[in-house]
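Shared chain: chain A. Partners: chain B in the first complex, chain C in the second.
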Partner chain A sequence: MNKIDNITSVHVPDKFLITPMLVFFIIHSMQVGVGILGFESYISRYSGFDSWISILISGVFIHILLWMVYQSLQTGGGDIVAIHQQCFGKYVGGMLSIVLSVYFLLLALTVLRTFIEVIQVWMFPSLNLKIFSFVFLLLIYYLVVGGFRLVTGFCLISVILTIPLLLLKFFPIMVGNFNYLYPAIDHTILDLTRSTKDGILSFLGIELLLIFYPFIKNPQASKKWAHFAVFYTVLIYLATALTAFLYFSEEQLQYVTWGTISLWKIVEFPFIERFEYIGIALWMYVIVPNVCLALWGASRIPRRLFNINQKITVGLFCVALYILILLFDDRQRVEQLNVFANDVGFYVLLYIPVIFLLSKIMYEVRTRHER
Partner chain B sequence: MRGKLLSVLCLIFAAGCNNIDSVEDRAIVQISGYDYIDENRIKGTVGIPQYGEESARTVEELNLTVETESLKEFDIQIQNESSKPLSMGKLEVNLYNEDLASRGITEFMDILSRDPRIGRNIYLGIVDGDTQKLIEGEYNQNETTAKYLKGIIENNIDQNLPKTNLHYFLYAYYADGLDGYLPYLKKKNSHIEVSGISIFKEASQVAVIPAEDTLILKLLKEKVEKGSQTIQTEDGRVGMEITDSNTSYQVKKTGDVPRFFVNITMKGFINEMKETGVESQKNPTRINKLEEEFSTYYQSKAEEMIELFKDNETDPIGLGNIYKNRMRNFDKQVWEEQYSEVLVEVNVDLKITGMGISL
Partner chain C sequence: MWRPKKKEQEKNIDRFQSLSSEQTVQTLFDTLEHSNDFKRYKVGASGWVISYVSTMCDDKIINDTLLPVLKQHELQSLEDMKDKLPVDNIRVTEDTKKIEENVMTGYIIVQEKSADQKVLCVPASKYEGRKVSIPEVEFSVVGPKEAFVESIDTNMSLMRKRLPISQLTFRELKMGSITQTRVGVVYIDGIADEDNIQTVFQRLKNIDYDQIIDSSFISQMISDNSTSPFPQLLDTERPDRVVEVLVEGKIAIVVDGSPHVLTCPTTIVEFFSASDDYFLPWHLATAFRLIRLFAVFFSVLSTPLYVAILTYHHEMIPEELMSTIVASRADIPFPPILEVIILELTIELLREAGARLPTKIGQTIGIVGGIVIGTAAVDAGLTSNVLLIIVALAALASFTTPVYQIGNTIRLIRFPFLIGAQMWGLVGVAMVMMFYIGHLIKLTSIGRPFFAPLYPLRFRDLRDAFIRLPFSKQSERPLQTRPETSRRFNKEHVSERRDIDE
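Presenting the complex of A and B:
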């Protein structure tokens, strides 16, 4: 009994807590990252224009997983580190937690590297990778060291700042041809499932809740906000995908690497000819909190396990990210990294039901034992 | 504290260390065109506006022409000839001559779709004759050839020309069961005119629709709000302006070959009529007769045009695409074999709403 209590009590001082509503912004900005910039061609590879269904499937899937996450955190108490230790013991549980930490680091790497790739392709082909990523990581280090509340604040800014970008969908919709987009569902469930799997990278992010759960002031009240966030994400993806399907022809989409950025190309204002430059610059506000959250999650786990000062782990991880970014130096490797992160993310999501079941069983056993 | 301040200051000053490119120091390409010379060589021309002194208020244009064997070389050679670095970001019109177009412009499409600096709103055009002469021609003292040409195409899109730009062409170029079309331009003494539409099959031009028929293609493709057409009726020439139109497609599959039903509804008014006899004009049967005559004209013209497309195995209307999107199990090969046998029924429902303000 003592032993369990010892781990379960993840005590976070009151001044570090966040209000439940902010969970909406955290989950949403963790989900929306680089994925949305080019997921149209990924999901339509197998199921063409029917792949909007796969977005809905992913949405339902994520909603169920979110429910499972909340359930297991409630009964397991605390965060994923506590659950792991209860279920698997100190060593195996600790190992699994470290794997999760590495996974968050992988997410941070994927998002950051892919975004730098976007900048290289679209804006500055001769960008100095070393200097740019150094400055970028300095900023991220500064924000993450500032603490979870600071990162949360940044998430709020990022979500609000990027809402106007949605209005720009108006331009491609005006150009699009409605005659060619009819919902004749022509693909099998298998194709749709493959699309779902290929597009899952854009939906990753709810796993972070496994770590920041103790930071929510009133976790029960945050449930609905988390679900709202997922719902909002699905809506945005659906709107983005449908606009892309209107604007591009089915075969053309396969030749487009960054569908959403290409959509900004058609936007024209009297004072700006090429909107994609502003769009990409503004997207920085989406990428920064995204990377910060992932890095925070990755560094929080060692702190929970070994009680190391989080500043040190953040610094170490930043150095690791810097080296890794320099290793991925061409388009091919970035592509591979994306595919790899997508696959890993898919299995991490599949791991959530396992945790759910285990924590339920543990809870049952424990309460019976106590009785 | 002091260290932080210092580092912020450093960042601010470091930001000024970048090379500055001012607009005057760059050659901004606004128009480019390519001509076919022989199998291995093409001739490329670019037009760069030279902004002179403020008082003169005229725009001069510098034209550079090079002959090369490949497109890659073209870029390098034209840079060699230019005294300032070229920027392609403001490219507005891209032209190909007819010989080149009928041999295919795949390579050009690849470059245009790949280069992030190129906008999607630029206009492509096919030139009847020599592209270089068209670009080098002087049309208007106050604007460049690119602006002039852009104005002509835009003005025509408002009237009888179906919507066209790089995006529309690429959409059709990549899509299955849809082919592209581009405006067909001609230099006439001191001006340029849109003398038709050139129809493509994939990346090669296969047919040209004359200027008087462009409205038919526009009607088949999109909503027309300002098209005008003059036809020969039993009693003289009558001109009509279309104020509103709508086209809907239906596919029915009975047996192996699908059948298409095209319903065009339109409204318009008569704006030109060479006829006397005021009494007969007031007569409602006269309007009915005109309505019928116009309907038959549009219907037969549309069917004729679709026949022309079938003969050339091209599909600018996108019948294949419509079929693919509405029916399951679309097979591209089967469709391409079937295409020449496909039945297309055009049905025009026309209403004349007015005869102008004089009797």
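Presenting the complex of A and C:
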């Protein structure tokens, strides 16, 4: 057993640790990404305007999953790489860890590519994809190379900077029609479950905790912040969805791809109109921490497994992202990418209970063995 | 420079160094004889030899104190003379290094015979320097009006006067292999963090450079990231400001010959807080501080936003406002970016010219530049009225920064924003902003985070950052300096509540 501990022990120097409160910002930044800009239409596909209930249900599920993640990390000692090695041995465990790394890379790609798509659709239809994504990735490389501390700081700034955007919901609510929400709960349980499955995908992101857990100074104290973060995300999703439901009718919403951005359009001040330009520019501050976290997570796993210099992996992954972005060059492919990433994300969420059970069993076996 | 030198360089000892090492008193005086202001002659019946640099010595001490004693008394030895002379701090020494240092700083050297190695050093220094005057760079309407001068001793006394405690520690170093500049590190023992002090000394000792002319040399050499446009040590000419931060547990670096004192560790928000903020009631101070902060953002972002919106997002401007802008821009042959760059460069030109010229001509230049060139440029159809207003306001706003150094940074950092705005409009501006935020989070000042109290988020320090809460709410020193004792006063005295008529 000592042998295992030697391989898997994670030690992070004191100066790189983050305070528990910052977990709130990390989890929240990881959860809110590009999805919220247009999730209203697809969560309401099955259960219509009752889907706000399914947001609440999926929120509850995410809270449970988060609890499981914490439980397995506490008993498993360290991060997902350590847990994998304990449960599946060096090779199979390592393979699984690499799969997770690729998953994070996929997440980064999806968010980045989808956001560039948003820019192409809403701001610059003739955007030079090659130059823009190159500069964008250069920026992301610069930030990720700054380390986990910098990325965390960026999450904090991004959450603070985007709070004013929430106030813009006021405008559509002013002209919204409250009758759209009635009659409440007229869909079957099955419909609600199906839209819960869709809804749960917008909460993807808690799995990053599996990697950055050793960076938290006092993990026990961070639990409440992580749960706060999920709760805050639920609230924001709920507010966003309800605003869209008030403004659009059920049929109309199905034809709106980017609900939130469309709602920014109606904001009007005496000196500024068409607020979606500012909204999209500000949304960069949501996207970049999201991509940085995913990229950091993706590059952290190879470092833990093979002790490769993380700067090199970040660089390689950035090159990979650049090539992949250029490959997904039209709307259909971006759509397919999103669907694919959502499917994978769903299985990753399903995988969390498996890890939870396995680490519990391992823990039981080990403690019995020691006796 | 301050990196370890290569071996080849070490072998190549130049003539300068060989002259200064391994010399005797005789060779020292031989070297000095080349200068005309060096005086060396015999005095009195017993033939004492006195030597001094006349430009550094006070005639009064030579004529009224030294010469009468030498001429009237029958003196047996240097020790005997040391007792007789009514001057303090007289030393008898044989150390050539010391003698050289003394004679160069205005000591009179007395020898029994001209070839003797044993000498008596009599202090007779005379310093020419400016009187303490009012601060010119960091002017304030209310509050103390004393500014540092070029003498390290005067500067120290300005600080000691305000902090009459034994814990105020002043440790001196000699820096610059040729200039031999006196550099002092000042801190309050028991409040300043031991690690910070160690870091400062470590960094100062690592400096290996031939000349230290001003404190800004030190500032650039010991800053954590010397490629950053942001100054990582705060320099100030106000003694009250230095004392204020010393009490908070920071460390000050005083350099002889420089009227600016460096303080560290510092944070980005400190550059936007003025001394005035503490002389006004807290709500007024808060309001002015926020105005200043807004001014900085306006100064940096206004022209990039103009470029971004007029180049790519003209839909954003409401119809009524658009017609005004269109009317103003109708005859302009250039795209917005070119228009902005021309005008920004003009302003920079005026500013640079104004800074180099004497005050009186500087004002004229300001009027000529601001009014004449501005109006002419608009009349000639080179720039639009709207842009002229924006650029002038931006320039005005950039002068609101209380610390001169950050003003320079603000002048420069808007140009990347302009490029970003021209490339991808608002998205480009957001990207450049992100780069700067990332850079600021990365920066440290003497190993302490520069972007605090924003990140790491320190609520205690936020009480005196963007806003300033009343003194009664600031019962603890800021966390940034990691003070050894953080309590400022007993909070309970303040929070005692009293009923009506009690």
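Assume the second predicted complex is superposed on the first by the 369 of 371 C-alpha atoms of A that agree within 3 Å, B and C clash if a C-alpha of one lies under 4 Å from a C-alpha of the other, contacts with A are read in each partner's own complex, and residues count from 1 in each chain.
Going forward, a residue touches a chain if its C-beta (ideal position, glycine included) is under 8 Å from a C-beta of that chain, and two chains touch if they have at least 3 such contacts.
Being a predicted model, the structure only gives us computed values, none of them experimental.
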(message) If you tally the residues of chain A touched by each partner, is the higher count for chain B or for chain C?
(response) C
(request) Considering only the touch criterion stated at the top, classify A:Tyr180 as touching first (chain B), second (chain C), both, or neither. (result) first
(message) Contact-wise, after the overlay, does A:Ser249 reach chain B, chain C, both or neither (first, second, both, neither)?
(response) first
(request) Report for A:Gly315: first if it touches chain B alone, second if chain C alone, otherwise both or neither. (result) neither
(message) A:Ile119 in the overlay: touching chain B, chain C, both, or neither? Say first, second, both or neither.
(response) second
(message) Quick check on the superposed pair: does A:Gly146 touch chain B, chain C, both, or neither? Answer first, second, both or neither.
(response) second
(request) Using the superposition on chain A described above, determine whether A:Pro219 touches chain B (first), chain C (second), both, or neither. (result) neither
(message) Taking the superposition on A as described, I'd like to know which of chain B and chain C A:Val288 touches: first, second, both or neither.
(response) second
(request) For A:Ile280, decide between first (touching chain B), second (touching chain C), both and neither. (result) second
(request) Return the residues of chain A at which the contacts from chain B and from chain C coincide. (result) 268, 273-274
(message) Considering only the defined contacts, which chain A positions touch chain C in the complex?
(response) 19, 21-22, 119, 123-124, 127, 132, 135-136, 139, 142-143, 146, 149-150, 152-154, 156-157, 268-275, 277-278, 280-282, 284-285, 288
(message) Which residues of chain C touch chain A once you look at their complex with the stated criterion?
(response) 312-313, 315-318, 321, 423-427, 429-431, 434-435, 437-438, 441-442, 451, 454-457
(message) Looking at the complex, which residues from chain A come into contact with chain B?
(response) 49, 121-122, 175, 177, 179-182, 184-186, 247-252, 255, 262, 265-266, 268, 273-274, 276
(request) Note which residues of chain B are touching chain A in the complex, please. (result) 89-90, 113, 116, 119-121, 167-168, 170-176, 178, 249, 318, 321-322, 325-330
